[in-house]
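The first chain written gets the first letter, and so on, giving A, B, C and D; residue counts start at 1 in each chain.
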């Protein structure tokens, strides 16, 4: 049996553990693996590399993907409707028996259509650093990411204390607040902003002022890049506003820092962690999760259970139809924000001894 | 409402996040918290410290427990049957309304008896770095621990390569192989030894020899301290053997290294990670888990739901009777070893191109 | 003997080790220490805290400064010429015998004037994360900083590889290129930009293109925030240009990324590490250096050798007059850039097999 | 020009940066490099690998040595006096113009004899993780090592606090106390034991008891593996004693822990860091130092200045005759112990308020 792999979309710690586990499991069953380079682009153009057990054994500790990635999507180029045909032709010519596609909603959406429209023998492995895919409890990359945010904030804390500042940390999370919420809990943030919850600027500033009054020498705000400030919360008159009156995505950290400094009078700085959050060696959790998903994706292929994806449910790896998994954004479970909210309260009554 | 906390047994990253979360949640409800010092010993003798929100806010990032710990157990001292009486008297005198006991099977066992025999208002929070408590999917400390093992092994790998050695890493896990199994998967180990599975020394040595023959320049064995070598696997004639013919607990790493070197002819070294595995700042996972358990334990107390413990089940925090939780060792789910086992195979047929 | 300490200017890993060492050394000699809060501001206003051995023993591992810092400078406020008088009066009232001032060119400049103009008993400890103070081989904070840059780049590398990108990392270093040069060497950068060397944009882009042609899948540029692009190197027409035709300080990373992407056609991203570079636990080097400087500054005070500062020279701690130390920026020793330059060469002749 | 490299003796972070820098510098001058495998063994047997710029560019971040190492010494095998002949014959056959030998006293001793006795064109690069080579201020690997010890102790500290223990950390340093002394300063140790200083067991125990009495909840002892206990300090009757009445090398940590527990009554544990101290990615300092030594060693070869080694002196790289560099152990400069000694004092007079 000859199995092809590809990784699509943004890179993410944990991709290499999946690749390694697939290669080993297919090898153990007597098969061989090849890797299509740079996502669907390589699959369409026939660029690939042989994947052997001894070449992939140590990649478990490496971030990113040894196969490269791209945002090429055969179904999103209106000028060339023949891309899916070429892709299938490529796999025919390469004598590939099945494909394991590792990627997010976009990549798995392609996989799902290839299976439903053309019975293409494909199995999916869910990947999103933002943890916003449905059908799986957690995605690999997420745990590494929140640890990077946490370690960065642990560093920034002493600077904030020394200069009596508020620090605003802007994290990834365009559509869902998983990273900001978990990292905010883990770093003892004074307030967390996520896309799922309307931000109360006054409440946030009141907390910062109350804690300063109680003697806390610094403040810490964790904000998803996708969190939205109400128009009334903007300080810069020229900030772009979207159709709903929200300040536009991007730059939330800098904008918030200005708002906070103006309203509280406390010196405030923003730090945008950016690409740091998706790089480097995967955490143990992500290595184990990636490995387990890879083994079980390979087993699906060996059992010819196509059109499905693997997923984490509780402590077990299960599988589900690709068609159910795609198209639905999994936003942050608000129970986590309710728990985090215990730390966003402050004593309105100054006579209450905290 | 006045709530007492205590931490019992071995220390563990994540204890301080629990304490912090309890103090904040009780404070938000208008109550106050005190911490009994050094586990049940402080509870018996009445040694405590006030726990205030501002003093505990930043302890989330610290390993160990600010309350100190001990292995004192009021039910294990045959010379002094009055200890439980003194303990209850102490709490009476301190005007404590409820106790939150954070600890392992031993600590929670005391809590369970105090509740069942004397209706003492107690709530439990499960703690074990070895992840071997029933009633909860994962315990805090475990994730930090496997990351420490993983980072240590990532360091040892380059030394092993440079000198073409086998390295044997002895991890914690006296009765259950959770740490060794997860760390072994995360570090791409060539073989994992856990207490739950009879070790096949020949198989292990064959893997090491086969991989050396294929060109892999080093080897990596992860062994639980509680893994047992069959008597036939011993190399040292004077090793102590238990009633079942197994080499005695302790020193498994050194013993294994001797066995491997003798049987494979490959230079082999053992490293025992010891206390390193339980120290230092908790990982993000353990800070979030500890925080959530603390909040929910405090909520149980606020609702006067005594005799229960909090637990992680899937993505949610649930509660269960203390009586159900104690007394049962949760050994490693062998599905994890079956998955890990994909990496312990080797090509008996040298003509199969790997 | 009663000794006051203060920390001025931007925070820096290593300040707390200095404080700890001074407190211990003064204590051993039978004296006591107090800490003026937030730099010269606290010294002027008389805000201080007692510094005792047991409170400062563990601060060696903490970033920032437990005394707080500020940019207050008694000689820089034209509205209030009496600040130095008030400062001296404050110390009189507090019965302080000597001051140890820990800070950069600005802080040490105040100390130097206080000594030369008023015979004020002061000793200086040099501090600058940028390593640009004369009279000392290395300043504490610098080593921590280059390790943080290095670890961040090690993370970014796998992302860059996966997406075949050039990454531009903007580091601290407004006036001197020490951090960029050392971090650039340590991270195997393809090119390093420092304020001391005129940037050759064409050369830089040629290197990136040549390496891409040779098969290297990504590129890495390390740029001091103070590096200057020639006007001809600018891509954005509206970039601000200073009197010398250089693109203005600040935003060099983003500007460079645009230039590179336009001229090479390679996808390029910028990351600005910002405050991350000055936070968190000091490295071993900085803890040892800070400790040694603190001990020796205290010894100067105990010997009443005022008007001097301590400094690292080779492996020893020496002292020098404050007046010689201030006012001179120590730019990067260009021998380091010559060494780094071995890695900026490329094969103009494609027939040379690299 | 064709240059051979080899790495001898124990592995050490920084070896790969040296190799990378040599390869690049020789390449820039139009030459080529090969790497002899596993130290002098490969040089004798003619086992080598080609070293090209693109294969070595990223090894800067890897611990160990890509060339492998061994303790083979052509001058230490009495049964085969012809080894040096074979070695020279091998280099002749391989058409090698010069050799760069990277290693410690043993490896450089061979290089020195090859040069002095046979005019063999060799240049040396000093390597020892213990920092005990003369002729150079610091050796690479040492800085990485003290950071690993420091980070490990930072982890152990919280465990020690939680259980009110003394922790004894045994570090590398068989003949010189550099690692223990620097790591001890960096970790705020209560006492440091090095081979160069006679240990005063009573003094050490008095410090631990005095600090416990003052309220410090734990203790921290850093001991070189080569530190020697006086016979009177031994607790175990069956400890091996050398000709001078000292407890034998090895196991100093465990022995000390027993002594301390018996004499102070404080629970004490030993941790031996072992191989962890020499593995993993080099620190920034070691990457820069290794790179600079490599560049300058290659320049010596390009200038045909044989029989010399490169060395760090202050901020510059200098060179010295191999014959001067070998044979002399550089023990710890005792000024560092005098500085560290400020922290080993305690108040004999309990009325002195600390």
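We take it that a contact is a pair of C-beta atoms (placed from the backbone, for glycine too) under 8 Å apart; a residue touches a chain by one contact, two chains touch by 3 or more.
Everything quoted here is computed from the prediction, not taken from an experiment.
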Notebook entry, point to check: Going by the average position of its CA atoms, which chain sits the greatest distance from chain A?
Noted result: D
Next item on the list: Compute the distance, rounded to whole Å, between the mean C-alpha positions of chain B and chain D.
Entry: 34
Next item on the list: Mind checking the centre-to-centre distance between chain A and chain D? Centres are C-alpha means, answer in whole Å.
Entry: 42
Margin query: Suppose each chain is reduced to the average of its Cα coordinates; what separation in Å results between chain A and chain B?
Written below: 29
Check: Among the residues of chain C, which are close enough to touch at least two other chains?
Finding: 154, 157
Next item on the list: If every chain is a node and every touching pair an edge, decide which shape results: line, ring, star, complete or other.
Entry: ring
Margin query: Taking the top-of-page definition of touch, could you list the pairs of chains it picks out?
Written below: A-B, A-C, B-D, C-D
Margin query: Give the list of chain B residues in touch with chain D in this complex.
Written below: 11, 13, 15, 38, 62-65, 68-70, 148, 152, 154-159, 161-164, 167, 217, 269, 271-272, 274-276, 278-280
Next item on the list: Write out the stretch or stretches of chain C touching chain D in their complex.
Entry: 20-21, 24-25, 27-28, 30, 52-54, 57-58, 60-61, 137, 143, 146-147, 149-150, 154, 157, 182-183, 185-188, 214-216, 281, 283-285, 287-288, 291-292, 295-296, 313-316, 333, 335, 339, 342-343, 345, 352, 354
